[in-house]
Structure formats: C-alpha cells, structure tokens
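There's a structure below that I have some questions on.
We call the chains A, B and C, going by the order they appear; numbering starts again at 1 in every chain.
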C-alpha cells in the first residue's frame, strides 16, 4: 500500500482582476504518493502554476485567493494552518524551484547566504554550521569549487549554475515534496539535460516526491511516473505516464501529442488543435474544450462532463466515454481558427 | 543604378542554385574598459562562417544561447554591420550596397521576430502595421493598400475585419500571424525567421509551423529558420546548420543530421532533447555535457568545443578544424568526425 | 573601483571647465562692470579708463577668462566689494550653516520617508497608504516659502516653541557645547521645512521602488523558504528597493542647496543660500561666480557619491 503524501481535494483558486473573477483553478482533486513523481502539464493559463503556488499557500493576495478546497499534507489540511505553522512547512517539508533561475535568486546576497538562511531557520543550527551545510549542498548539486562559489553573487553564475543553486536551496532541508515549476524551460537544451539528470539522481538518492509543472511533454516522458493534464483550470485527464502517451483518451491530450514536432519522426504535416485557449473570464458553456474539439456532441455544449474512471489510475473528463455522450448527436460545425 | 560599383561574386564562386551565399562572415562586438574606456577585447559573436542558402529551401540554424545564430540572421539582412566577410544575395554583395540599393534589396529580404508582443507597435492598428512597408516602398497606398492588406490577412489565416484592431486585441499566435503578414507584404524572396514559434504555446506552435510551410509553397519562399528547438528545426528544415560559440560546426540535410550526426556537439545536443514518448525516452542514452558554454569573449583555442568534448585529442586544443564535406554534402568542422 | 573614481574625476575636469566658461560668459553678458559699482559716480572718464586699464578690464575676454581661471586654481576666489572681504572667506563662514541645515533636513527626511514608503508599499491602497499619498502630493506641490511661513506662524508665533529666524539668539554668547545646541535649536524649523519637502518625494520613490521589488521572483523564493514576512520585506526586499532611491538621493543633493536658498532667506540664516541670493540682488559678480561654480562641483560630487553608494549596495555594479 503506497502512502499518500499530498492530497488535494476540490481546490478552487480564483483571481479577482479587472476582467472579473477568474477561476484559475476550478475544482481540482489529485494526490501524490511518497517518493512519486507527478507531472502536471498544460498550456499557459491552464492553472498548473497556480495549483503549485496554492499548495505552498503563496498565491499573491490580492489579486488571488484560495476560495475552497482542502490540501492535505501528511494528513493535515494546510489551508487550516496558521501562517507561522505554514512557514515551518515551506522550505522545510515542501520546497519549490521556479522557472527563471535568472530572477529567482536575490541579487544582493551571496548564494551561500541564501542557502544557509533556510538551513539556519528550519534546522536551528548555528550560522557557521549552516554555511557548512550550504557548501555541502553545492557540492551535492555538482557545482565545482563550492566553497568559492558560495561566496559569489547570483549574477556571477550562469543560468544552469543558478538553477543548481535553487535546487541546492530547495533540498537543503530534506523536503518530502519538491515542487518544480518549469525547472528547465528557461535553460538551454544541454543545460536542461544536466538539470534533469541531476533531479533524477537526487530523487533516487533522497526519495523526495516531485510535483513537476511543465508544458514540455518530452520532459514529462523523461521524468514522470504519473501525469495530470490540465485545461482551463480543470483536470481533463490523469494517467500513468505510459498510458498517457500511448493510450491518450481526451481529445485535448490526443491533439497535444500529435501537434508537437518530434525529432524521431519525419516531416509529415503536423496535426493542429484549431483555435486558441479562450480567456478564463470568458469560459464557454459545457465542456471548456468544446470550441476546439473535433468530436463535439450536443451534450458537450450544454454540460461539463465529470472525471470518468476508465481503467486503474486512468481518468478522463469527456462525454465520449459515457453512454449519455455516445447517445448525444454529433455537432457538425465550422471550426474557426 | 548607382555609380559606385556593387561588388559581385566572382563567376567561379557563384552558385546558381543559391539565393544567399555567406562568405567568411565575422561579427565582433567590442568590450571597453580601463580608465579611458578603451577597447580591451571582443565578443566574437560570429567568427568566420560560410554557408549557402539555396533557392526555395528552409535552412535551419540551431544552437544554444550565445552561439551567434541570431547575430548571423541580422548580419545577413545588414541590420547590423559585420566586422568582416561578405553576404551575396543573388550574387550581389549586400555589404557594398549604397543606401538606395540597400532599400531596394530589403524588399527581397524580410525578418520575423521571436516576440510577437514586442515587435508590433502597440499604437498602430493592424492595417497600418502590415501596410506600412507598402507605403514606405511606394508600392501602394489608400484603398489599394487596404485591399492588399486584407488579402494578406486572409492569407495568414486572419480575417479582413481584423484590420482596424490593435495588437493587444490579439492572442500570441495571432500576433505572430500579423508579423508574418507584414513580412509577406513586399513579396520577398527570403524570410529570416528568428525563433518564430518559441514564445508560443504547443497547440499554437503547430498552427504557425503549418502556416509557414503553406506560405513557402504558395509564394516560393526561401527561409532561414533560426531556433534553439531542434525538434522544430528538424521538422521544418531541409538542411540544418549547427552553431557553437560563433562557429558553424555541422551542416547537412535534416535527416542525416538526426540519423548520423558527425560532430560530437550535435550528438550531445540531439541526445539532450527528451523525446515525448516514455518507452523510447527510457531507452535513450543521454550524453550530458560537462559545464557551461565558455564565454564568447574568451573562446577556447583550437576547436571551441574541445573543453567539453569527450573525444578531444591534443590537436583539438591547437588547431581550428575547417568545415569540410565528408561526403553527400555533409559538412562538419571536427578533427575526428563521428562515423 | 579606484580606477573608476579616478576616471570619473578626470571626466569631471572638462565638465567643470565648460561650466566655468558658461559662468564667465554669463557674467560678462550682464550689463555694467565691476567698476561701475565700485567708483564714485563723479569720477572723470579719463580716470575711469585708466582704472579699467589697470584692472585689465580692457584686455580681450579670453585673457580675462584665463586670468580668472588661474586665480581660481591658486585658491583666490575673488574679492567681494559689497562685503569688502575675499569671497573665499565669505564662503568659509557661510558653508557651515548650509551644510548643517541640509544634512539635518536630509536625515530627518530619510528617517521618516523610508519606513513610511515601505509600509505604504506592503499595504498598497490601504487607509494609511492613501493618507500618506495625499500627504506626499501635498508635500510635492506646496511651495517652500509657503510651508516655511506656515511653520513659522504655527511653531514660532502661536506656540512659541522655536525661534522664527537667525542662527543664534541675539545678544547672548554661549560657550561650547551650548552654542551648538543653540544653533541646532534655531535650525529646527528651517530643517523641518526642507525635510518635509524632501520626505514627500523620497517616500514616493521608496514606495514605488518597493512595490516593484516585492513583485520580483526572488521575493517569492524568499517566501517559499519559509522566511517570516518581516525578514522577507526588511532583509530581502528593502536592500534591493533602496538601490534606485540612492540614485535619486545623489541627484537631489545639489537641489538641497537651491531649496536652502529660499529657506535660508525666509529664516534669515547666514548661509550659502542667502549669500548667493544677495549676490544676485546686488550684482556681486565675484560671489555669484564662485557660488555657481560651487554648485556645479557639488552636483558632480553628488552624482559620483550616488554611483559609489550604488556599487556598495548592489554587487552587480562593478566599476573597472
């Protein structure tokens, strides 16, 4: 029996903008087991980053707020915790690395100081000891001359080095969960390869669970055990990684997989998902994907489907996999691009 | 025709199938310092590269940040002055053209930028953005211009009703279509596409790639496609050039490049890109390059890749390898090309 | 760093030469010459002419300029006919009060403006933020003289807490250190006037700079580490937010003198401001030229200081 580390139940995170109330995360539930790597994929605006920030309770308020739901971490609801209790978890039990290593480190403090700060705070060790741990962490993430580097400022390091520093910082207190929000998107491919290998190595050594937020399906295939696909604030499909790539069920997942150019394929014309993601403040009625879906039925225009369990661990939010949906009449329409 | 002689490429070097011939192109950016801000060094953004772009082909240029691919595109269009070398467009030396002739030649070569947000003037409506080059070059104005603009909008998959709208009213993918329409307005022969899809979401990326492919067939265009994403490059290009630290290290057709890379850097680059299929990806062996790309201000001696190359020998530290044809128009700059 | 400072000082030389030429030319362009103010109006034309000749006023302008410049470089700033004193001595007397006034005002302004600015930024659009915003705009738009008069009316005339002007209590001589306290006591109202003025703009700069910084990714990183809000704001954000404020501070240093001009005049303080003000009114050219040159030097020094401080707080700035 695998143990659940994180369980999110019916999470709603809304943003209050000049365009009105935007349900960036609109009722999502998922879990993450101890030591597991779960990928959350989707395009910009699907709510994947907001989900990760919600778990950290770092949604900037204003304009955002978690309006409903529960986030259980080791059985305790994080949303019920006091601010100071939450601070003891952040950077300690759950830590996070971000997309932009260039801007995610404070430019006016040395990297050693920035790593040691968290260690000192959470482990209650002396400043001296914390700096020693910082240097050890830099060694662990493969930074050459770690003692020297610890005394340097972020601008003296390359992008790849900075992301290593971020990882060192995130892992310095041995977290049970590491949230990685597009950790390699801003990096060059050969540096991305270094960081992915490093994350895999550290995951295997420490047993940290990873929640990987990305739009890159190649990175998902490389890292993840289980995958959640999000579209406009909702989960549309969830599956073990092999199933998702080989038996995708949701038309959106199928479309995504077919539309990416692949190095191991020829020059045949790319499949296209017509149209673009609607603005979340201006959501279509029924299934949110219906304006772009090639298999629309009448029911899709009326009601949002529920998540349907197809196989063990494989769920999909689509009418096509229900009797009701099968019975509904197909809509022929001109899809505008 | 101007009185100044425009340098032409000597007959014996002229490749009749090539639209653009780049010869020994260099671009150095000065670094200044010291009490009197003297020039104390150079960033060698492009250091002596030569290649041809064939009529009607898509030549992909790929490499990591700082490799000089963007600078190469700008230098070819003479948007910046090269330090040395020549670019011949249909046999004519672009760098020796005077202002008037350069303007005429600019009609033949257009640029599409990476950032569809930053490259469109937010205060101009789409009709004026696309129509501006028509007016500047005295091709059309007024109602005639509007008609051309409407046609262009429809060509790139937008509606003619979009003419009076402003850039902020469009999504990223639509803005990139506007950028493409502007480039098409003057009926160019060559379009330099600088990371045209890297700012776009996956589902939009494929729409724009397909559009570019359609337009190429329809208007008989030649593309120089600059990108860091090898999967996109491999898909769209006929031939691909790989750059590293200001040097062209490999140049061949895109299938050969993927199937049998000859340069160790290309090999590592290809292996670094995860393939979106867990069954294939779990079996691939990844070559992880050590360290970072060295600074182009102080590039390594000899072969610039030798500091990170696992096959490097003594000669690699001393001698710069030439880009040579190792058979079937497969060019590689390596002392020990892979087989 | 040293190299950079040397370079900046070398660069200042041509600028100062240019300024000196402009000052000289402007003074020359003014009607009349020093003699017309010095002489008995009944003097004969011949005597006047010979006096002009003797003083070198008939020499070509560039000769006069270089003579003036030469004297300047040897430390002779000229002689004020109005005060019958060398200009150098006058400036020596006057610079102390002005400096003290400016420094006091600046310190008061910063001590209040920075915490208020930080508070306003972290509680954007709150009741207090709105109140401070109103206060800041009032401070920016109220003229110095008006503010000074209001303060005099309130604190000197109505409440009688502070003197309404002067630098010392007339008719009393104090021993050290009492004389210092007496001077500071006299400077309370003038420095408050200046401070209120600067506080307003420093507050706004701190607020907007802080607002920008707290949106940065590294602030999110700091929060993700589990740091308390206090540490996030006062350690991670403030140091970054102060960087642009320092630039503004350096640039407003010379402005403090012109602000002091009005303030000193209203509070009748014997400072650089009143000295140059009177010099303008009385066409005391030697003083005018010297004070203008001092302002120019002070401007350059202010900029240089700002750049040096800049490098001290921001490790990304390296001068070489």
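What we mean here is this: a residue touches a chain if its C-beta (ideal position, glycine included) is under 8 Å from a C-beta of that chain, and two chains touch if they have at least 3 such contacts.
Just so you know, these numbers come straight off a predicted model, no measurement behind them.
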**Request:** State the pair of chains with the top count of C-beta pairs in contact.
**Result:** A-B
**Message:** Relative to subunit B, which chain's C-alpha centre is the most remote?
**Reply:** C
**Message:** Centroid from C-alpha atoms only, then distance subunit A to subunit C, rounded to Å. What do you get?
**Reply:** 54
**Request:** Go ahead and note the Å separation of the Cα centroids belonging to subunit B and subunit C.
**Result:** 54
**Item:** Separation of mean Cα positions, subunit B and subunit A [Å, integer]
**Value:** 33
**Complete:** Residue positions on subunit A within touch of subunit C in the complex are 56, 58, 84, 87-92, 95-96, 98, 100, 103-109, 117-118, 121-122, 153, 155, 166, 169
**Request:** Using the touch rule from the top, collect the residues of subunit B that touch subunit A in their complex.
**Result:** 64-65, 157, 171, 173-174, 201-207, 209-210, 213, 228, 230-232, 234-236, 254-255, 258, 268-281, 286, 288-289, 291-293
**Complete:** Listed in rising order, subunit A residues that touch subunit B in their complex are 43-44, 144, 158, 160-161, 188-194, 196-197, 215-222, 241-242, 245-246, 255-257, 259-267, 269-274, 276-277, 292, 337
**Item:** subunit C to subunit A touching residues, read off their complex
**Value:** 216-218, 220-228, 236, 239-240, 313-316
